[in-house]
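Following are the structures in question.
Across the two complexes that follow, subunit A remains constant while its partner is subunit B and subsequently subunit C.
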Partner chain A sequence: MSTVTTTADGTGTADRSRAAVRHLLARVGRYVFLCLVLAFFALPLLWLATAPFDDTPTIGTSLPDFTLDNFRTLLDNPYAMTSLVNSVWLAGGTAVLVVTFAALAAYALSRVRVPGRDALLYGLLLLSSIVTGTATMVPLFELAFRLHLIDSRLGVILILTGGLLPAAIFILKDFMDATPTSYEESARVFGASPLQIMRHIVVPVVRPGLATVGVWAVANVWGNFLVPFLLLRGPDKAPAAVIMYTLYTEGGQADLRLLSTFSLLYSLPVALMFVFVSSRYGFRFHGGIKR
Partner chain B sequence: MSAITLRELTKVYPNGVRALDALDLEIADGEFFALLGPSGCGKTTLLRTIAGLELASGGTVRIGERAVTNLPPGQRDVAMVFQDYALFPHMTVRDNIAYPLRIKKVGKAARQDKAAATADELGLSTLLDRRPGQLSGGQQQRVALARAMACHPKVFLLDEPLSNLDARLRLEARTFLKRLQRELGVTTVFVTHDQAEALALADRIAVMEGGRIRQVGTPTEVFRRPANTFVAGFIGSTPMNLVPARVDGDALALAGVRLPVPEDARGQLADGETVVYGVRPEYLDYSPEPVPEALTGQVAVVENLGSFSLVSLDVPAEDDTATSVQVVVPEGREPDPGDTGWVVPRPGRSLVYRDGELVGGATAPPVPAPRTGVGAEA
Partner chain C sequence: MTGASPAPDAAGLGRARAAGFLVPSMVLILLFLVVPAAWTIYLGVTNYRLTGLAAANPEIVGLDNYTRALTDERFRTSLLLTLQFVLGSAVIGQAGLGFAIAFALRDRRGPLRRVVEAFILLSWILPSSVVAFLWIALLDRDAGTLNGLLGTPGMAWLLDHPMLSIIIFNTWRGTAFSMMLYAAALENVPRSHLETARLAGASTWQQLRDVVFPRIRGHVLTNLLLISLWTFNDFTPFLITAGGPEQRSEVLAVYVYKVALSGGELGFGAAISFIMLLINLVIALIYLRMLGRRKERA
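And now, the complex of A and B:
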């Protein structure tokens, strides 16, 4: 009887220790894998952080030979700084238009019964996300040409706004739907006009949604290359994404010193904006995900 | 002077639903008035039409001397408290209460003083800087009431004022609301689906069904003399017993016995007519011994409700099927299931319905004072 117990116990212990080893190995394996994945994504960022301060940056990441000369050279480039200002104009203008029109459209779509409303929304979203801007670039160029909007910032802003609006309306409509109509009805009974209701009640209540859409629009325009590249002729109006393409040495080689420095300056504003907006309003995408 | 007068008021929704059907109603100045009915009866539509949130498809609404049928809600001088209170989540309690005054272009200092004073009346002084999300349900309701009071409207409209509170708070809020309405003396209309709430709060009640008003009266009137079987079944925490009966000379034959025709219906019934005999469980006396002019049957279920029990008796019906009669029995006198019992209707408390309508009229001579004992308003 006692021997049986011992044997059973002995087998149990062996089993348990084998299981523990397997468990440990699995953990080690998992973390090694995670480290590799992390490195894959972190190395380019590390390059972005070190290369601008390196005297002779290469394609690889290494401890920099510290210098600030790269920044000085970049400032000598006539278009580098103006291009960042251009980017701010394009992104800011587009974001303002997108937020304003998307908010008004989403409010109306959420509150007014329109026959075929959902079909309209899904249709817009489908067309805007499946049929990409690249595919429609030729007709868009033709359109801009006829409207005399070639080489005009307004033209770029309008075309980008048009591209972003469907998704923005879709996101904001969920925010509007989630706002109880009793808020507005309550204000109406007190005598508030539709504009007052919008200003006092609806906009503050959906502010996280507006912030989300605004940031999303800015980030989209900031990274957009094709539209400004095709519609703006001269480098004086070109945004940063286009100017980045011009940073080559006389020999036709990519100038890594300028490129890395410019990349850093190009990334910072958007990253800072994300941090600022998310700390102030908090990002919310609910609606589309919630239901 | 802010009586509410509705004439032929009709509301048809675009999808064809007739929510209000040529409805006539007068609500007196300073009255606490309940619109009561099951869900979908049109009571909320009626309230929203008075507020102006729905436009009437036909008929007129007058508040005081003014015809307001086509005025927007802001010009009707009414205040509405919504079921979910609709407090603006991004504003403090102070700003919420002051909001109607902000719309009326009252200066910032003046409206904040007014908000503080109103909040003080309702015991909200310590909460002025909080947001609605940081308040309990009862506090939120009082903020909503304060916001409605702040602009001194002629009429208060309350949509299901107590339904968002838990059971205990609800009783507290009920007493609070009745006291507040009495003190302010403002005409108040509220919507509820809870008959106990309507009976407890209102000066008068309109019972609605299918976009029509089935009865208007004081709580006593609708409780004691429901004008039709719908109201009879809807009002009261225990529904009225409705037993099929046949007129047999000067008596009613029902459940195998003969009972005298109730006083109000005497002389109005034809011999052999089929009617419905109605009596509230509260107005029946149970006896374990045989008594004359009593319904008799076997005790099927005994439900203990605290200070009294609700006893269901199976009595034989006219058409040889069994029907159930419920009776309220005071504590300590409950029978056991299976016992045989006799129930006697109290004099003047039984009613006769023909084709669903009360025979003898809803505002018949006053009934004798109720005997003490079993609570009629449980």
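And now, the complex of A and C:
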């Protein structure tokens, strides 16, 4: 009897220690995995942190001989700074149009029973997810040509706005649906017109939604390469996305001083915007928004 | 998602003005989403070209462009490469790695988690022409960081393994989305269930199969469809390999650009565009049907 108990106890301890070993191995494995993941994601980015400050930047990553002189090449290149200004125009213009038009549309759809509203929203969402710049570059190019929007910044802004609007209306309608209508009702009792109500009551209440859509639109346009690449002809109107590409594809040996400092300067706004948004609001997850 | 509004017309907008509020958006959407989609169908049955005779007087050639595409070796190769690209970088790469990272980080707090997440998100938000160059530099044959690390000087990754390179690149580029989606999904798996399974001696794989996966099945499907759609339409490979060498990394997005806009065959390019639109439509319809069904159940 006693022997049996001992045996049972023995296996129990062995089991427990085996489980402990397995647990330890799992922990170590998980740690190693995360370090590998970190290395994989950080490795390509290191160059962006070292090369701009390196006395003699190379294509490889190395500890820099610290200097800030490289940033002077940005001023020497005729297109570097103007392309960033162009990017600001494109991103700003698109964001303003998207936020304004989407807010008007979302408000109307949220407050008034337009017949077929749900089908409309559904259809718009479907449309914007399948009609991508890549799949319709041929007709977009044709259309821009017919409408004399080739080599026009306005053309790029309008096309990008059209592509972003459905999702923006969708997001903003959710925000509008979630706001109580009592303020609007009392403002109406005091004789405010619908546009006044929109401006003085609705806009302040849904401001976080407007900011979300604005930031999202800026981020989308800032990085967009295809549309300006297709539609803008000369380098004087090209945004940073396109100039970046021409800097490393055209004209023989790439100037790494220019390339590295330009990459950094061009990346900085989106990185800062991301830090700002995530520290202020927390990086909450809105599925399916980034295109 | 498109549920009933909280209240009727509170601001006294009226239908006419509401319609007016909709006009600017609808005009732009009509002009730059609906018209291009419809026009693709028309252009696809013409022999329209960017320059030359057919530019002035395009003729209707019926389904010639489509029969030509389907018998064209280059198109079929491109379709296959696109399939590899989507399966390799989206389904296996982004979804697999994204889930693995979310699962490994699920009960971790603290600096390691924040640093890992920060780098993954950074690779997702930086402009595509910048990250494209970062990868060209990383994989450079002579002085690239990767060859330096591996001790394989002279290895021309982009020339010898162009497809593998852009698949790994796109995995790096897009994993953030899947990671965040699965991190949110894993919050719905009760910790006590995992704990019970672990105490009962279930291996990690068994826990995943029996406890985790049944609860996040909906998220997995959503994730796979969205990233497949995005990867299918991704133009970034053009920025790295431009389809080369010898069209060995020419996914459809790059192919249609080269044929239609570099080569000037707008009619033929439109036919390819229309095929891409149809593929997008199929993926999106499956996705929306699923969303609808989940809403009905909820």
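A few remarks follow.
Here is the rule we go by: the second predicted complex is superposed on the first by the 238 of 291 C-alpha atoms of A that agree within 3 Å, B and C clash if a C-alpha of one lies under 4 Å from a C-alpha of the other, contacts with A are read in each partner's own complex, and residues count from 1 in each chain.
Methods note: a residue touches a chain if its C-beta (ideal position, glycine included) is under 8 Å from a C-beta of that chain, and two chains touch if they have at least 3 such contacts.
Quantities reported herein were computed from a predicted structural model and do not represent experimental measurements.
Room for both subunit B and subunit C is found when the two structures are superposed via subunit A, with no clash between them.
In the superposed pair of complexes, A:185 makes contact with subunit B and with subunit C alike.
Residue by residue along subunit A, subunit B and subunit C are tallied for touches, and C comes out ahead. Contact with neither subunit B nor subunit C is seen for A:93 once the two complexes are overlaid on the shared chain. Of the two partner chains placed around the shared chain by superposition, neither subunit B nor subunit C is touched by A:57. Judged by the touch definition given at the top, the superposed model places A:214 against neither subunit B nor subunit C. By the touch criterion stated above, A:228 is placed in contact with neither subunit B nor subunit C. In the superposition on chain A, A:204 contacts subunit B only, with no contact to subunit C.
Measuring only between alpha carbons, the smallest separation of subunit B from subunit C in this overlay is 7 Å.
Across the superposed pair, subunit B and subunit C both touch subunit A at residues 113, 180, 182, 185, 187-188.
Subunit C makes touch with subunit A in their complex at residues 1-3, 5-15, 17-19, 21-22, 24-26, 28-29, 31-37, 39-40, 43, 97, 100-101, 104-105, 112, 115-116, 119-138, 140, 142-146, 148-149, 172, 175, 177, 180-181, 184, 201, 204, 222, 226, 229-230, 233-236, 239, 253, 256-257, 260-261, 266, 269-270, 273, 276-277, 280-281, 284-285, 287-288.
Touching subunit A in their complex are the following residues of subunit B: 14, 51-53, 72-75, 78-80, 82-84, 86, 88-90, 99-100, 102-104, 151.
Touching subunit B in their complex are the following residues of subunit A: 113, 180, 182-183, 185-192, 196, 200-201, 204-205, 207. Put simply, subunit A touches subunit C in their complex at residues 19, 26, 30, 33-34, 37-38, 40-48, 58-61, 97, 100-102, 104-105, 107-114, 117-118, 121-122, 124-143, 158-159, 161-163, 165-166, 169-170, 173-174, 177-182, 184-185, 187-188, 194, 197-198, 202, 219, 222-223, 225-226, 230, 240-242, 244-245, 248, 259, 263, 266-267, 270-271, 274, 283, 285, 287-288, 290-291.
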